[in-house]
Amino acid sequence: MMQFSELITKLGSAVAASSLGTDSQLDPILTGLAPIESAGSGMISYIEGDKFAKFVGSTGASALILPMNEVIQAAAIDRGIAWIAASEPRLLFAQVIKVFYQPFRLPVGIHPSAVVEAGVELGENVSIGAHVVIQPGVKIGNGVTIHPNVVIYPDVEIGDRSILHANCTIHERVRIGAGCVIHSGAAIGSEGFGFVPTASGWFKMEQAGYTVLEDGVEIGCNSSVDRPAVGETRIGRDTKLDNLVHVGHGCLIGSNCALAAQVGLAGGVKVGNGVLLAGQVGVANQVTIGDRAIASSKTGIHRNVDPGEVVSGYPAVSHKLWLKTSAIVNRLPEMYQFFKRNQSS
Amino acid sequence: MMQFSELITKLGSAVAASSLGTDSQLDPILTGLAPIESAGSGMISYIEGDKFAKFVGSTGASALILPMNEVIQAAAIDRGIAWIAASEPRLLFAQVIKVFYQPFRLPVGIHPSAVVEAGVELGENVSIGAHVVIQPGVKIGNGVTIHPNVVIYPDVEIGDRSILHANCTIHERVRIGAGCVIHSGAAIGSEGFGFVPTASGWFKMEQAGYTVLEDGVEIGCNSSVDRPAVGETRIGRDTKLDNLVHVGHGCLIGSNCALAAQVGLAGGVKVGNGVLLAGQVGVANQVTIGDRAIASSKTGIHRNVDPGEVVSGYPAVSHKLWLKTSAIVNRLPEMYQFFKRNQSS
Amino acid sequence: MMQFSELITKLGSAVAASSLGTDSQLDPILTGLAPIESAGSGMISYIEGDKFAKFVGSTGASALILPMNEVIQAAAIDRGIAWIAASEPRLLFAQVIKVFYQPFRLPVGIHPSAVVEAGVELGENVSIGAHVVIQPGVKIGNGVTIHPNVVIYPDVEIGDRSILHANCTIHERVRIGAGCVIHSGAAIGSEGFGFVPTASGWFKMEQAGYTVLEDGVEIGCNSSVDRPAVGETRIGRDTKLDNLVHVGHGCLIGSNCALAAQVGLAGGVKVGNGVLLAGQVGVANQVTIGDRAIASSKTGIHRNVDPGEVVSGYPAVSHKLWLKTSAIVNRLPEMYQFFKRNQSS
C-alpha cells in the first residue's frame, strides 16, 4: 500500500527515462495492480494503444499509466483518476509491478534434505531447496537459486544469479550463463534424438556435445533443449523461450530472440538475432533463419528464411502472400465450379 | 471377480438411470474388463455405435453392454453372451469400470520425508507422499492427495479431495478448487511469458496475478497454465485439459470445456462454456471463442469464433467450408493447367 | 586421448563390418570429437553426403571418417588429414563416439534418501538415485538405472538394463521391457483422457488398462504415454519417441518406428512397423497407419495411411500431391484474377 506520489518517487529513473506528463493534483492510496477492464478502487492499471482506450471511461482504477495522448488524459482528469503518461505505458507498468510485487525466492542456504555430492563447487549466497540433487563436478555461481526437486547431472556450470525452478532437470555437459531462468519441468542438455538406421534396427548415437545457454536466457516450463552428438547446442544472450518448446540437438539460436509456446526446432537449425517465432511454429532440420525474421503462429518452415522476412503458412511463404492466398482459398468452391463448366475449353 | 448379476446389483442407480433391457438367463462369472476386439472368456466389454457392432459376432467376451438395438441384442443371445442394454453404453461401461477398478491412492498421512514448512494449513485426512515440498502460506483442504515429489510454492490454496500427481509443480498465487486433478509434471501458475521489448533488450514483466482452477478441473501431464502480470488466469468448473496443453497468461476459460492434447492458447484468450478444442489446436492472443464452439484438430484460430460455430483449418474457417476447400485444393493441378492454357483470355 | 591407429583397433568388428579403406600413413593423436565445420587440431569428425564434402578443404580436423568416394579421400590426403572410409560414415562415427564418450551412469546401489516401499522386487546391480520413490508391488530387473527424483507408482515392471532419467513418472499398470530409456520428465501410463459427456457434465472414465513398452523403446523428455480404460497402450520393440510427444490411450505402435518431437497421437491410433512421423505430426482418433509409412513434419492425419505411403499436408495427402498443390496455392492470386475476369462466361 502506498500513495501515488510515493510510487512515482520509487520509480525514480524509470520515470525520468520516459518522456512523461503527470497529473499532480490527485494522490490516491494504491493497494494493488489490476487489468484495466476489472480494476477497482485503489488499483493502478495502464492503457496501451487504442484498443483499450475506451476503458478510461468505465474503469474503477484510482490511477492509470496512460499513453502520450491528451484525449485519453483529459478523460482521466474528467473522471478524477490520477495518471502518469509515458511513451511506453506497458514498459512503465512493468516497472510499477516490480515496486508492488517480487516473486517468491528461497532463503539463502542449503536445505538439509538436498543431496549435494562431493566435488560440487558452490558460490556465495546460494539457495538450494529441499530434495535438490546435484551430482559431482558441478559448479554453481554466486546468488544462484535452485528450487526444490531440481536434479543436476555431473559436469554442469551455472552462472551467477540464475534461477532454476522446481522439478527441472539439467543434464551433463551444460553451461548456463548468468541471470538465466529455467522454469519448472524443463530439461536442459537432454540427449539429442540420434539414431542411425541399420539393417538390424536403430543404432543409438551417443550425444557427446555441449549445451550452452548464454547470459539472460529463459527456458519455459516443460521445454527441452537437447545435447548434440558433437559440437554445441547454443542459445544466445537474452533469448527467451516459452513453455513446451523443443530445441533439437545442434541448434544455434542467436541473441534477443523470443520463441513462443510449443515451438519446435528440429536438429541443426540456425536462428539469427532478434528472431520472433510465434506459438506452435515448426522448423525443419538444418534450416537457417536470418536476423529479425518473424514467423506467425503455426508456421511450418521447411526452407531458409531471409533476415527481416515475415513468414506464415504451411509451408511457409511471405506473410503478405499467405494473407492473400488464405483469403482466396475460401473462393475455391466458386472457382472450381467455373473450372468444371469451362475445362473442356 | 463377481457374477454378472452381482455387477448389475452393484451398478444400482446407474442401471436404473438408463432405460435398460437385460438378459437375465445367463449369469457368467466376470474376472475383468476388455475392449470388444480382444475380450476373452470372463471379460465384460461394451459396444457403442455401428462401427463396433460387427464384433458381437466374434468377441470372446462373457458379458456385454449393448446399445438399445434388438439386432445386436439378438446376436448376443445367439452366441450365449450375457448382456445389458443401455441408451448410453459407454457411460454405463464407465460405471462398470468403477466397480472393478479404482486407481491407486496414497494412504492417509504425511510421509516422513515430505517437507511441510511452518505456516502450512492442512485439512483432515490428507495424503502427502514422499519428498513432497510445501512452502509456507499454503492451505490444503480435506482429503487432498499429493503424490511424491510434488512441489508447492507459497500462497497456494487447494480444495477438498483434489489430487496432485507425482512431479507436478504448483507455483505461487494459485487457487485450486475442490475435486481437481493435476497430472504428473504439470506446472500451474508458472510465470507468464511477459517481456517488453526495449532498445536495450527484453524487460521482464513480473507476473503478479493469480491462477484459478475452479472445482472439478483436470490438467493433463506436462501441461502448463501460466500466471498473468495482473488479474487472473482462470479455468472454469469441470473443464478438462489433456496432456501437453499450454494456457497462456490471462486466459479465461469457461466451464465444461475439453481441450485435447497439445492445444495451445496464447495470452488473454477468452473461451466460453462447453467448448471443445481437439488436439494441437492453436489460438492466438486475445481471441474470444463462444460457448459450445468446436475446433477440429490442428485448427489455427486467429479470429473470434461465434457460439456454437464449428471451425477447422489454418487459418480457421467454418468446418463445412474447410471440408470443401480441402477437397478442391487437390484439384488445383488441373485447375492450374486450365488457367495456364487460358490466362491470356 | 588416443592415437588414430588405437581408435581403429578399438573399433574392431565395427570397422570389419563396413567395407573400408584406410590411410595408414598418418597416425595423429586424437583428443576429441567435433562437427566438420568447426573441428580443430586433434579432433576427429566425419563427412556424410555431398552437402558436407566441401568442408574437407577447410576443416581443421586431424582425422576424418569419409564416404567411399575417392575424390574426397584424395582431398583429405592432400591436406594431411588421416582418414578411414566407410559405406556408412555416420554409423561408423556413432561407433567412434562410443569409444570417446559414455553418458553418465549412477553408481550401483540404492541412495539412502530413496524411498523403496515394502514389496518391491529389485534385481542385481540396480542403481537407484537420491529421492527416488518406488511404491509397493514394483518389480525392477537387473542392471536398471533410476536417476534421482523419479516416481514409480504401484504395479509396475521394469526390464533389465533400462534407464529412467530424472524427474520422470511411471504410473500404475506399466510394463517396461529390457533396454528401454525413459527421458527426464516423461509420464508413462498416465490416465487416458476419458470423459463421457452427460446432461450433468463430464463423467470420468477410470483408466483400468495397461501400458506396455516393449524392449528397446525410448521415450523423450516430457512426453506422455497414456493408460487406456481397457486393454493396452503398446509401443513396439525398438521404437523411439522424441521429446514432448503425446501417445493417447489405447494406441498400438509397431516396432522400429521413430516419432519426432511434438508428435501427437489421439486415442486408439494403430501405427505399423518402421513408420516415421516427423515433428509436430498429429494423428486423429482411431486412424490406422501402415508399415513403413512416412509423414513429413506438421502433417495432420485424419484418415488411414497405406503401408509405404508418404504423406504431407493438413489434411494429409500424398507427399507428391502436396508439393504440387503447395506450389500452385501461391499462384492463386493470379488464378483468382483470371476467374473474376471470366466468371460470367
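Going by the order they are written in, the chains are A, B and C; count residues from 1 in each one.
The definition used in the following text is that a contact is a pair of C-beta atoms (placed from the backbone, for glycine too) under 8 Å apart; a residue touches a chain by one contact, two chains touch by 3 or more.
Bear in mind the structure is a predicted one, so any value in this text is a computation, not a measurement.
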{"item": "Subunit B onto subunit C, rotation angle from CA fit, given as a multiple of 5 degrees", "value": "120"}
{"item": "Copies subunit B and subunit A - interface residue numbers shared by over half, same or different", "value": "different"}
{"item": "Rounded Å distance between subunit A and subunit B, as computed from the means of their C-alpha atoms", "value": "27"}
{"item": "Residues within subunit A bordering two or more other chains", "value": "113, 131, 149, 167, 185, 222, 244, 262, 280, 314, 329, 335, 342"}
{"item": "In the complex, subunit C residues that touch subunit B", "value": "113, 115, 131, 133, 135, 149, 151, 153-155, 167-169, 171-172, 185, 187, 190-191, 193-196, 198, 201-209, 222-224, 226, 228-231, 244, 246, 248, 250, 262, 264, 266, 280, 282, 284, 300, 302, 314-315, 317, 321, 324-325, 328-329, 331, 334-335, 338, 342"}
{"item": "For the subunit B and subunit C complex, residues of the former touching the latter", "value": "33-35, 38, 45, 88, 90-91, 93-94, 97-98, 100-104, 111, 113, 129-131, 147-149, 165-167, 183-185, 216, 220-222, 238, 240, 242-244, 256, 258, 260-262, 278-280, 297-298, 314, 326, 329-330, 332-333, 335-336, 339, 342-343, 345"}
